[in-house]
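The data blocks that follow each hold one structure.
In what follows, chain A forms one complex with chain B and a second complex with chain C.
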Partner chain A sequence: MSPRPGFVLDVDSSTPPTLFWRGERLSLERLPEGSRVVYPPEPLDPLEDPSSAIRHALLHPVGDREPLPALLSAGMRLTIAFDDISLPLPPMERPDVRQLVIEQVLDLAASAGVDDVELVCALALHRRMTEAELRHALGDRIYDAFAPNGLLTQHDAEDPSNLVHLGLTDRGEDVELNRRAAESDLLVYVNINLVAMDGGHKSVATGLASYRSLRHHHNPVTMRHSRSFMDQDRSELHSANWRMGRLIADAGVRVFQIETTLNTDTFPGAFHFLQKREWEWKAKDRLAYAAASAALDRTPARVARRIFHSVRAPHRMTSVQAGEVEAVHALTTEHVWRQQGVAVEGQTDILTMGLPYISPYNVNSVLNPILVACLGLGYFFNLYRGKPLVREGGVLIMTHPTPWEFHPVHHPSYIDFFEQVLSETTDPVEVADRFEEDFATDPWYIHLYRTGHAYHGVHPFYMWYWCAHALEHLGAVILVGGDTKAVHRLGFRAASTLTDALEMATDVVGPSPTLTHLHAPPLLLADVT
Partner chain B sequence: MSEPSDTSRRLRPSRAVRSDAALGRPAGGRRARGARGPSAWAARAGRARFPLGAPTWPGGVPRPTPEPELGVHYDTAWSRRYPVRLARAVVLDNVTRPLARLVAAPELRGGEHLRDLDGPVIFAANHASHVDTPLLLACLPLPFRHRIVVAAAADYFFDRRWKADTFTFLLGAIPMERAKVNRRSAELAADLLDDGWNLMIFPEGGRSPDGWAQAFRGGAAYLAARTDRPVVPVHLDGTRHILPKGRSTVRRSRTTVTFGTPLRPGPDEDARRFGVRIESAVAALAHEAATDWWTARRLAAAGSTPALRGPEASAWRRAWALPEASRRDADQHATAAGGPPGPEWPPRRRA
Partner chain C sequence: MKALVVERNLPRFAAARVASLLGSGRGAGVGPLRLVDAGPPDLPGGDWHHLRPLLSGICGSDLATLDGRTSRYFEDLVSFPFVPGHEVVGVLEDGGVDHAGVPLAPGTRAVIEPVLGCAPRGLVPVCTHCGTGHTGLCGNVAFGALGPGLQTGYCADTGGGWSTAGLCAHASQLHAVPDALADEDAVMVEPTACAVHAALSAGVRPGDLVAVVGAGTLGLTTVAALSHLVRPAVPCTVAVGAKHPRQRSLAAELGADEVVPPEQLARAVRRRSGSLVVSGRLTEGADVVVDCVGTAASLADSLAMVRPRGRVVLVGMPGRVAVDLAPLWHRELTLVGAYAYGLETVPPGDGTGGAGAARSFELALDLVGRAGLGRLVSATYPLERYEEALAHAGAAGRRGAVKVAFDLRNPKGHAR
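Presenting the complex of A and B:
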């Protein structure tokens, strides 16, 4: 049976309770009659032979690019950049798509006699990946061949000697890039496109850039004018990246972009019920839910987190295309929408969403309060094209325990941001004006970013900027089941139950509101008309 | 300013949001006192709310046509995994075989025909009772006994999940369509033979209604021709007295299990003619069980073996002509001497 598309369910008296994520917990909530639930499409059938598809893409590129073998020659300088730990989510079962693609690129490079090859992880300002994470993404064969010789590096956005300034865009935006990538004869970028926001010029222009470059589009003004990040034509974030990408091309950096898309087969075996529609749960699914829910409720958060972060998604590749960046990305975006697009008619007064345990920035880590806000307001709120799911002045209700807890190694600057900045103001513009510079240039954060596994000092600011569009758009944000102090620090309202949250929401949107629930993950993109 | 939201979809105030605090709690509040035992538990399970109970189906969602999971569509692959095979072998050797010896007291004949057989074979036997399958399984030598699948009627043994699971586990049953030609059944059986599994099949397609065999169908011959595997004709005598069609109680009786010479289709022999040869071979074994080997061989050579299907006559005459009718007196004598009892006579009417 072919996978069924996503759809909008009208809740009636016979609709069973709806699954809500609460971080590492789960619950079933009975939504009021008349509510809507947006369900994601079922996972698309994967490519039958991914290796052949990759080979075909490399030999038949799209856009103005020659086949990869024709671009490879002895004596050339080749750099292969790839996406970091933030993609895909959850991390996929081995073999990772990056491994499959890069192995074939390296096979062709070896055949062409290319000796000078270096792999660069496109971190931007994210934390450095651990050896285990790199081995998982690239496979042992690649890691063992390159890492011991210093040929597998992670982009360092704070190493002046390893950066090169390529110029200014017509809007005066600095374009500063990884020197090795910029000065190579060919830069091959290997991408995983989990959502429509990923990929395109953003891969190189963001992934291999410095703070000096990133600050031009990672700011509250750009974020507020990105409606949404998933719709490139209406995203200022993407416009800035496209300007930079074209400047990079004009500066002579030859990029061979390889983009892949995955299906939404997100949860394996025992957790498969999480991606099924509740009324189709068989006895096995119900038992799995009851057991998982009861066990997780009695499990310390730390252990529950460890369990969930050990989950490896059975994602499979649905497409691979290679060649010139923009031509490639146009195809990729089509594939992403084919998998995730759901047509939704009209906006709602109240949007509810259950937030899971993972976001791009807490793989093998803690989803701290700032990342909770970013996941809900930055990512899930922006999973739309056309109009937001919730009307302007509407209410967003999220369920998550939001513990006042931070990973001290991964998120050191988040701790200070939460304590010092959000205690003063939650307005993204004021936050940027008053505090960003200090955090971005703090030598201790830079040291931790460069030598440890810490996100850059400015990263929590960017997370808060991701929320800027939603914060401006919404009348109120309510967090259900969260740590009250942490929720208040974020500037949100705290509720104990969904019923309480709905009561509180009516104070903002009036009595008898409309309600829509975003049933994700698995991810979906709402095409709101 | 954004557009106002759709007002036609307002929430009904009478219905509050309910969390899953009621998880597993049956509807109607307190349980009725005194309701105990398995049936009460089943009733409670039936009333249990989602997620312990089955979910209700939203009114606006059309119900999909369910994927068939029973009958010939039942997936038996799980029963051939090693742990399940091991469990089945334990049950077969420690429960089924002793029970078969106790109830059926089988006398084995022709076992020497199986000694030199190499690789998977098809056992084609007459069918008079549900006892036939466990009895024949119990009588098979080891190389065959633990690596065999049994072709079972898809419409009878696979019409309920519990039946399908039970017979698949206990007997290694695979569903076989008997009302019509089904490619899926044939493909599965052929694939299993190719994978090294032996096959037990009852070419009549069902148990004898009156003690005489029914016409043999072409399945065994077709599979033999397709997979180039030999067919071992088997005759089971006496099982009808233990548990005939239409009776639900088991009664002890003596049985004879006779294995014949393995048959292979000739180079110019089609499946239909080979099927006739298999039926003739089983008929000869039946005659051998009723008389002796030499008599049976002589009549077979002369082409005069009595037909398995019995005379074309009225029901009572067919019953009268059954071979065991002539042995009835001998059975009664055996019962008096402490041996296994023969068939009850006159037969009781079923309530």
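Presenting the complex of A and C:
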């Protein structure tokens, strides 16, 4: 049976309770009759033979690019850049797509006699990956062949000796890139396109850039003019990256882009019920939910976190395309929409969402309050094309425990951002004006970013900027079940139960509001008309 | 008339120490403190005057004494039995003469500068320290015409503020209270004088970052002193670590530039100083740290957040503590104490009317009015309810209070 598309369920008296994520916990909530639930499409059938598909893509590129073998020759400098730990979510079962693709690129390079090959993790201002994480993404064979010889590096956006300024866009935006990548004869970029925002020129122009470059599009103004940043044509974030990408090409950097898409087969075995529709749950699913929910409720949060972060998603590749960046990305975007797109008619007064334990920036880490805000207002709110799911002035209700907790190694500047910046203002523009530069240039954060596994000092600002569009659009944000102090620090309202939150929401949107629930993950993209 | 008296009773001190494990001030009922009928103490000499207390504060050092936690360093610097209470505003019903020799009319309100240095002890000539106005440094507090006692409130011969019967004040100790000051402001003069002394001896230089550890009475009055006496002449940034919400709001009201919970203070200092961190210690840090707590933990924190060659000023009364002094050696830190008061060097443009030398108490008398420090008096109790008062004082921060005092005017007292 072919996978069914996503759809919008109208809740009536016979509708069973709806699954809500609450971080590392789960609950079933009965939504008011007349509510809508937006369900993602079922996972698409994967490519039957991913290796052959990759080979085909490398040999039959799209756009103005020759087949990869024709671009490879002895004596050339080849750099292979790849997406970092933030993709995919959750991390996929081995072998990771990056491994499959890079192995074939390396085989072709070896056949062509290329011996100056380096791998660069395109982490931008994210934390450096650990050895275990790199081994998972690349496989042991690649890791052992490159890392011991210093040929597997992680982009360092604060290493002036390894950055090169390529020029300014016609809008005066600095384009500063990883020197090795920019000065190679060929830059192969290996991407995983989990959502429509990923990939395209953003891969190189963001993933291999410096703060000097990133600040031009990672700011509140850009984010407020990206509606949404899942919709490339209406996203200033993408416009800026496209300007930069074209400048990179004009500067002579030859990019061979390889993009992959995955299906939404997100949860393995015991957790499979999480991607089923509740009324289709069988006894086995109900039992699995009851067991998981009861066990998680009794499990200390740290242990529950460890359990969930050990989950490896059974994602499978649904497409791979290679060649010139823009031509490749156009195909990729189609594949993403084919997997995740759901047509939704009309906006809602209240949008509810259950926030899971993971976001792009807390893999093997803590979903701290800033990341909770970013996951809800930055990512989930922006999973739309056309119009936001919730109307302007509407209310967003999220469920998450939101503990006042931070990973001290991964998120040191987040702690200071939360303690200092948000205690003074939650306005993204004021946050940027008053505090960004100090955090971005703080030598301690730079040291931790460069030598440890810390996100860059400016990164929590970017997380807050991701929220800027939603913060401007919404009438109120209510967090259900969150640590009250942490929720208030975020500038949100705290509620104990969903019922309380709905009651509170009527103060903003009036009585008898319409309600829509975003049933994710697995991820979906709402095409709102 | 009644007075609270501390007697030398080792079993009761031991019992108080055990009871204080439940919380500071909780040992009043089993400790060495007793409420007794008492008359006015005999005047020790001609320059002495009777002062009838109106308000008398409960100090951290009083609590330490009653909890049996005071350092044995002080054992020979007190004489028993004594009436505690050295934060006192009272009335001179028979008049008197103040520290400058100015006659004071009957009914004049006055505060006492409680150090019992050479002058009250009738020692002639006075020691070098008293001779230069630095009475807090007097080494003769166990000698002369009085029994041992470093201050009024620890000496058997002078009485203390926790009494409706009155105490004896030497002329050199008396400072008249301006009519504009409420009793609540006036009772804050003594702790404020300690803070004035600490702030002015902290060696703050223009552009310095000053971290204040703790925001009880001493911490908050230190913030006020830094804000009103130092910063107008010596621009500096004051960051405060304050545990309780009420303390945080007061610290901000009194002029702190940044107020954070104690566990966040080092991070706030790191941000402001652009420091790196090694093993939990800052590589740079605050230019000056004022430790208004005085525990091993607060001292260790202070040493960890001060910059190399920076200065840690110890204002909170410490006892025997175990602290790793390696950073003091390695980073060439200066650790100084700031006890009581004396003669201060006032920076120009401090808002008091000019630079020069002034007694801490005179500066404090001015500061309590300007900064409105009477607001720090959170609750008052009659002597009869001393157990409640001491328990309240021992848990002041947690209960949203700062200064708890005995109200000798009003038999009922009140909490606010």
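Just so we're on the same page, the second predicted complex is superposed on the first by the 529 of 529 C-alpha atoms of A that agree within 3 Å, B and C clash if a C-alpha of one lies under 4 Å from a C-alpha of the other, contacts with A are read in each partner's own complex, and residues count from 1 in each chain.
Operating definition for what follows: a contact is a pair of C-beta atoms (placed from the backbone, for glycine too) under 8 Å apart; a residue touches a chain by one contact, two chains touch by 3 or more.
Just so we're clear, the structure is a prediction, and the values are computed from it rather than from any experiment.
For the composite obtained by overlaying on chain A, chain B and chain C can both be accommodated side by side without a clash. Of the two partners chain B and chain C, more chain A residues are in touch with B.
When both complexes are overlaid on chain A, the residue A:G252 reaches neither chain B nor chain C. With chain A as vertex, the superposed Cα centres of chain B and chain C define an angle of 120 degrees, given in steps of 10.
In the overlay built on the shared chain, the residue A:T514 is in contact with chain B alone; chain C does not reach it. Residue contacts after overlaying the shared chain place A:W444 against chain C, while chain B stays out of touching range.
Once chain A of one complex is fitted onto chain A of the other, the partner contacts of A:E419 are limited to chain C, with no touch recorded for chain B. Using the contact criterion defined above for the overlaid structures, shared-chain residue A:G452 touches neither chain B nor chain C, since it reaches no partner. When the two structures are aligned on their common chain, the gap between the nearest CA atoms of chain B and chain C comes to 35 Å. The contact sets of chain A with chain B and with chain C never meet.
On the side of chain C, the complex with chain A involves touching residues 258, 260, 264, 267-268, 270-271, 274-277.
Looking at the complex, you find that chain A touches chain C at residues 415-416, 419-420, 438, 442-444, 447. Within the complex, the chain A residues that touch chain B are 1, 9-17, 27-36, 278-281, 283, 286, 289-290, 293, 345-349, 387-388, 391-394, 497-499, 502, 511-515. Contacts from chain B toward chain A in the complex involve residues 1-7, 9-13, 15-20, 23-24, 50-61, 67.
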